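Two complexes come next, and they have one chain in common, chain A, joined by chain B in the first and chain C in the second.
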Partner chain A sequence: MLNSTVSRAGKAKAGAYAARTRAGLRFLPRSPAFWFLFPAVFALAVIGIYPLLVALYNSVHQYRLADLAAGTPFVGLDNYIATLTDPTFWQALGRTVLFLCLTLPIEIVLGLFAALMLHRPGLAWMRAAARVGLVVPMATTYAVVGLIGRLIFNRQFGVANYLLGFFGVRPLDWLGDPTLAFVSVMIMDVWQWTPFCALILLAGLTMVPKEAEEAARLETRKRLTILWHIERPYLLPGLTAILILRSADMLKMFDAVYTMTRGGPGAATEFISVYIQRIGFRLFDQGLASAQAILLLLLTIVLSRLYIRYIYQEIA
Partner chain B sequence: MSVSLFGLVTIGAAPRSFRARAGRRRATVWHGLALVVIFLSSVFPFYWMVTTSLKRQADALAYPPLWRFTPTLSHYIDALFTHDVLGSLINSLIIASSTTVLAILLGTPAAYALARYEFRGKQDLWFWFISNRMVSPVVLAVPFFLIATQLDLIDTHIVLILLYLTFSLPIVVWICTDQFRNVPVELDEAARLDGASPWRIFWRINLPLAMPGIVVSAIFAFIFSWNDLLYALVLTREDAVTSPVAATNYMSGYELPWGEIMATGTLIVLPMVIFALLVSGRLVQGLTMGAVK
Partner chain C sequence: MNKRFLQRKLAVASLAATSFFLAAHASAWTLKEAAAPYSGTTLHAIFLDRPGYAAAEKLIPQFEKETGIKIKWDVIPYESTRQKEVLNFVSGGAQDIVLVDVVWIGEFASNKWLVPITKFTGDPKLADPNLNLKGFFPILLDSFGTWNKVTYGLPFDNYSGLMFYNKCMLKDAGFSEPPKTWDDLLNVYAPKLTNTAKNQYAFALQSRRGETQSADSFMRMLWPNGGSLLDAKFKSNLMSPQSQAGLEYRQKLMKYMPPGIVDFDHAEAVNALAQGQVAMITEWSAFYPTLTDPSKSKLGECLGIAAEPRGPAGLKPALGGFSLAVNAKSSAKKQAAAWLFIQWITSEQMAKPYLEAGGVPARTAVYQDPAVQAKYPFVKPMVESWQGGVPDYRPRFPEWPAISEIIGEWGTKMMLGQVSVKDGAQTIGSKMEAILQKAGYYDGKKPLLK
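Coming up: the complex of A and B.
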C-alpha cells in the first residue's frame, strides 16, 4: 500500500520531469555542454552560493560569537539598518573609494609610461631586464608586500626616511600618522600593481601595426599625438580590463593592509574588507558582519554589471 | 625647376638629419635612464627584503641603513625550524597544488563548453564565473567560518582547498575559454565526422592543443592560492596554517624579529618570483588572455 503510493508519486514526478524536459529543458541533460559544465557549476554553487545563503540567513539574525548564550533570535533588518546608519561603515567605504580614485590613476599613468618605454625600439637587453623586473612586484605575495611596507616605512630605521633624507625631508612617522599611513599603503599598492597595468598596456601596444606607427612617426614628432591617434584604440580594451579588475581588487583589499597597518592608526587605513573582517572576527558579531558582507556583495555585483554593460562589451 | 626643387630638399635635409641624430642619441639616453628607474623601483623592495633577511638583527636595525654587511643564514634556520615556517610552507604547497589540480579538472571542460557550444543563458553563466573572481574574500569568509565550525573543518587542508576554488576555478575557466576558442573548430568537426564522442574530441584533440593556456591558468591558480591570507587567517589555527599566516604571526610583541620575518617573506615570495620568471612570457600572455580579450 505504502509502496504503491510511493511508486505512484515517483511516477508522477517522472512524468512531470518528462513534461518539463519536453517543455524546454530538453537541451540540458542531452547536450554534452551540460555535462562539460556541470561539475564546475556544481562545485561553484556549493562553495560560492551556499555560503552566501548562509550569510543571508545570518544577516537577519543576531549572531554574536562572544555571546552565544543569548541565542540567535530573528532580528529582521536590524543588522542592515545598523550597518547603513553606522558612520564607520560609510567611512570605510568612502576610504576605499578614495583610495581607488587616488591610486588607480597613478598606476595607469606610471604603467602607461613603463609600457611606452618597454615598447620603444632600441636598447633591447635593457628593455628585457626592465620587463623581468616588473614581474617581481606582481609575484610578491600580498601579505608580504605589507610586511615589506612595514620594514621600509619604519620610523626608526626605515629606508624610506633614509632615501627621503637626501631630498632634505626630515624623518617621518609613516605608519604612526593617519595621512602618511594611508599614503604608504598607497605607495605599496602602486609598487605592486603598476607592473600589472604596464604589462597589460604593453600587450595592447604590441598589437599596433608597425607600419601605422612608423608612418605616424614620419608625420609628427610629438609622442602624445601618436599615442592619442594611433595607439589609443589598441590600449582601450586593456584599460577597461584594468579598471574592472583593479576596482574589484580594491573592494577586496585586505592582506597587505592587514600586515602593514591592521587598518590603523585609528581607522586611517581601515578599508571595507578590513572593516568587515574586524566586525566578524575581532568583535565576533557574525550577524552584523554577514549583513555587511551581503551589502558589499551587492556593490560588487552592481559594479561588475555596470562595467560589463557599458565598457566591457567584448565578452561572450 | 624640378631639379632645383630637388636640390632644395636635399640641402635642407642635411643639417636636419644631423640634428635629428643628436636628438635621437639624447632620447636614447633618457630611454635607458627610464628603463633603469623602472627596473630599480620594481626590484628594490624585494631586494631590501632579501638583504634584511640576511642581516644580523643589529645590522637590520642600523640607521642609516647598511648596504654592505656580513650575511648570515641564521634567520632562515630559526624561522624554518623554531617557528615552524617549514610546516606552513608544506601546508601551503599541499593546499595550493590540490586546489590547482581540482580547478583544472573542473574548469577545463567548462571552459571548453563555453568556447564551443551555444546554449541559452551562456552569457549569464559566463558572467557568474567572472563575478566569482571579483567577490571579496571577506564576503565568503564570514559564513564559511560558521559552516566550517559546524562541520568541524576548521584548521584542515580540505576547507581551504575547497574555498580557494572560488577564485582558482574562475581564473582557469576565464583563461582556458579563450585558449579553446583559438583551437580551430574544423578539427572538432573532422573528428565528429570520424565518429569521435564529444568527450573524446575534448580530451584527445582540444586539451593537448590548449595546453599552453592551461599551464598558464594553472600557474595563476597556484599563485593566487599560495598568496591568500584572509581565508587562511580565519579558518586555520595550528595544523593547517599556511605560510602567509605564519608570516603575520610574528606581529606581536614589542621587538619584532625583522630578520626572521623577512626570511619567512623571502621563503614565501622567492618560489613565486622564480615561477613567474620562468614563464614570464606566458605570464603576460595569461594576463592579456584573461583580461584584454
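Coming up: the complex of A and C.
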C-alpha cells in the first residue's frame, strides 16, 4: 500500500517534470553535441563575433568618441575609401609586411635548428630543462618585452652596447636610428617567438616514425636529406600553424613596439597596429579605425588561406 | 518721524544681523562639517608617476581623516592618461576627480564632461570662504582650468619650462653663468661644452615621438623666435620666417646634443644631466626633486637653475600642467565630495605642505615667503616664467591631440633629416589645416578658441 503510494507519487512527479520539460524547454535541442559545443560557441560569440559585428557596424558610420555631439551618421564606405587612399596606412602596412618577411624566416630557421638539436637522442634531462626554458620568453608579457628592449638597447647603459664594446664596436644608437630601431624590434621579436617555432616543430619531429628515421640513417649520412625526405612532411602542418599564427600576431603586434619605440623614431617602427591604435585611441575616430581593422582582418584571412593552400599537407 | 526712525533702526539692525550671520557662517565653515554628509564616500582619481602626485598621496590621509571621504587612485603613464579618461567618460568608468592636462581642457569642456566650478562656489555649504580664486597665478588658472571663460578645474600640478644646468661643467668651460639667450647657447656655450670623444654634450632636448616631441621640442623652438603654430585665422604659421628660423635653429643645435636625441623622453634628458653627460637641459620645473635626489643624480652642489634662455621674441618658456576637475557624469554626492577634495588640495592653506611634500602649488602667496624662495631655488625663475609665459603655448582646443600626433611623426622625421625643415613644416601645416577645416574653424561653425 505504502509502496504503491510512493511509486504513484513518483510517477506523477516524473510525469509533471516531463510535461514541464515538453512545455517549457522544448526549444532546447537534446543532442549532447549541442551542449558540448555550446560553451565554446557562446564564448566565441561574446569575445569574438559580437565585437567583430560592432566593428563592422562602426566602420560604416562616423563614430568619433571625443566628439559624440557630432552624431554617428551612416557614411557608407567613406571610412574604407579614406583608409585605402591614405598613404600613411599603406606605408605602415608595407613596413609591417617587411617586418613579417624579415623576421618570420629567421624565427623559423632558428626554431627548426633548436628543434633538431632537441630531437637528438641522449641527455634526456637537459632536453627537458631546455624545453621548459623555451617557454619562458613566450610567457613574458608583450609590454614587458618592450620595456626590457628599451633597457637592453639603451645607448649609454644598455647590455647590447656593453657586449659590442668587447669587440671594439663604438656604442650604437639603437633606438634613435630608424634602421637600428627596426632591427631592435626584430631582435626582441625573434627572442620571444623563436622558442614557439621550436616547440611546434619539435612536436612535428616527435611524430616521425622511428623506423623510417633509422632506415634513412642507414641509407645516408646527410642530415639535410633526412630532413627533406623523411621529416619534412611531418613538419609541414606545424609550419602552417606557425605561419598562420605568427603572421596574424605580427599584423596585430602592438604592445612591445609601443612600449619600446612608440612607433618612432619618425615612423620607423610604426606598424599597422600602432597606426590603427593611433587612429582609434589617440584621435578616437572609431569608425575609421574599425574600417582599418576590418581590412587587416581580411588580409589575415587571405594570408591564412594561401598558407593552407600552398604549404599545408596532410600526412598520409 | 518716529516711524522713519524706527524703519531706519530696523534696517540697520537687519543689516547688522545679516552681516553677523554671514560672518558667523563664514567663520563657521569647516571642511569637516562640509564633508559630513559625504563621509564614507569613495572617490576615484587618476594620477601620474610624478613628484606632484607623490606629494598629494602623502597628504591625502590627512584629508581622509578629517572628512571620512576615501580617495582611491590609479597611477598610469602620461601617454595613456587621455585615452583612459576619454574611455571612462564615454563608457561611464569610475573617475570622479578628473586630471585635466592643459591641452585637454578644450576637448573635455566642450564635450560637457566637466562640471563648471560655479556649481560649487555658488553653494555656501561647499564653497570654502577662503577659496580665493585670485590667489592662483592667473596664467595657470586661465590656461589649465578655464575654457571659453568658464572655469572647470583648479591648477594642481604646475610646470614651467626651466633651464637646469651643471654649474661645474660650465665653470670648467669658463662660464660663470648660464646662457641668457638661445643664440648664446648655440654659438658661445655649445661648442665649448661638447666633447664627442668623451661622450659629453652641451645640451639635450627631449624629442621622443609623442607629446614630448610636439610640446617639449617642436613648440619650444617656435615661440622664442617669434614664431607660432597658428596665425590669428587658425591657418598654419609654420612657414613664416620666424617659425622657420626656430625650427632651423633646432637642427643646428642637434650637433651639440647626444646621438639618439629623437628617442630621449623626459627621463633620458633628466638622466643625461644628472649623470654628467650633458651640461644643460630645458625641462619642466617638476623635475627639481629628481635632480636633487642623491640616489638619482650625481649633481649635488653643481646643479644650477635659471629661466629658459630668451629668443628674439623674449622669454617664452614652455608652459604645462594639470588641473583637477569634477566629472559631470559622477553622482551628485560624489561630485560634491570631489569638489571638497580639489578645493582642499589646491587651497592656499595646503600650498606650503604640498610644496614641502614635493609638489608645485599654483598659489602666489606661498612663493612670496623669503624662506620658501631660499629653500627652493627653482621658485624665482619659475615665477618669472609664469609672469611672462604664453597661455596658449600649445593650442588647447579639442583638435590638439590629432595635431600633436602629426607633429610627433613629422617633427622627429625633420630632426632625423628624413625630410627638410621646409618640407616637414609644409606637411605638418597642410595636415593640420585639413584637421581644422574638418572641425569647422574655417567656415565659421566653430569659434576660434585656443
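Please note the rule applied: the second predicted complex is superposed on the first by the 259 of 316 C-alpha atoms of A that agree within 3 Å, B and C clash if a C-alpha of one lies under 4 Å from a C-alpha of the other, contacts with A are read in each partner's own complex, and residues count from 1 in each chain.
Everything that follows uses one rule, which is that a contact is a pair of C-beta atoms (placed from the backbone, for glycine too) under 8 Å apart; a residue touches a chain by one contact, two chains touch by 3 or more.
No experiment lies behind these values; they were computed from the predicted model shown.
In the superposition on chain A, contact is made by A:148 with chain B only, not with chain C. In the superposed pair of complexes, A:251 makes contact with chain B only, with no contact to chain C.
In the superposition on chain A, A:176 makes contact with chain C only, while chain B stays out of contact range. Contacts of A:281 after superposition on the shared chain: both chain B and chain C are touched.
Contact with both chain B and chain C is seen for A:156 once the two complexes are overlaid on the shared chain.
In the overlay built on the shared chain, the residue A:68 is in contact with chain C alone; chain B does not reach it.
Between chain B and chain C, more residues of chain A are touched by B.
By the document's definition of touching, of the two partners only chain C reaches A:266; chain B does not.
In the superposition on chain A, the residues of chain A touched by chain B in one structure and by chain C in the other are 156, 281.
Contact residues of chain C toward chain A in the complex are 79, 82-83, 86-87, 90, 107, 110-111, 199, 208-210, 258-264, 275, 277, 398, 401-402, 405, 408-409, 412-413, 416, 418. For chain B in complex with chain A, the residues that touch the partner chain are 28, 31-32, 34-36, 38-43, 45-46, 48-49, 52, 60-65, 102, 105-107, 109-110, 112-114, 116-117, 119-120, 122-123, 125-147, 162-163, 165-166, 169-170, 173, 198-199, 202, 223, 226-230, 233-234, 244, 247-248, 251, 258, 261-262, 265, 268-269, 272-273, 275-277, 280, 283-284, 287-288, 291-293.
On chain A, the positions that touch chain B within their shared complex are 27, 31-33, 35-37, 39-41, 43-44, 47-48, 50-52, 54-55, 58, 63, 113-114, 117-118, 120, 122-123, 126-127, 129-145, 147-148, 151-152, 156-157, 159, 162, 165, 188, 191, 195-196, 199-200, 202-204, 237-238, 241-242, 244-245, 248, 251-252, 254-255, 258-259, 272-273, 276-277, 280-281, 286, 289-290, 293-294, 296-297, 300-301, 303-304, 308, 314-316. Chain contact summary for the complex, chain A toward chain C: residues 65-69, 155-156, 173-178, 181, 261-267, 270, 278, 281-284.
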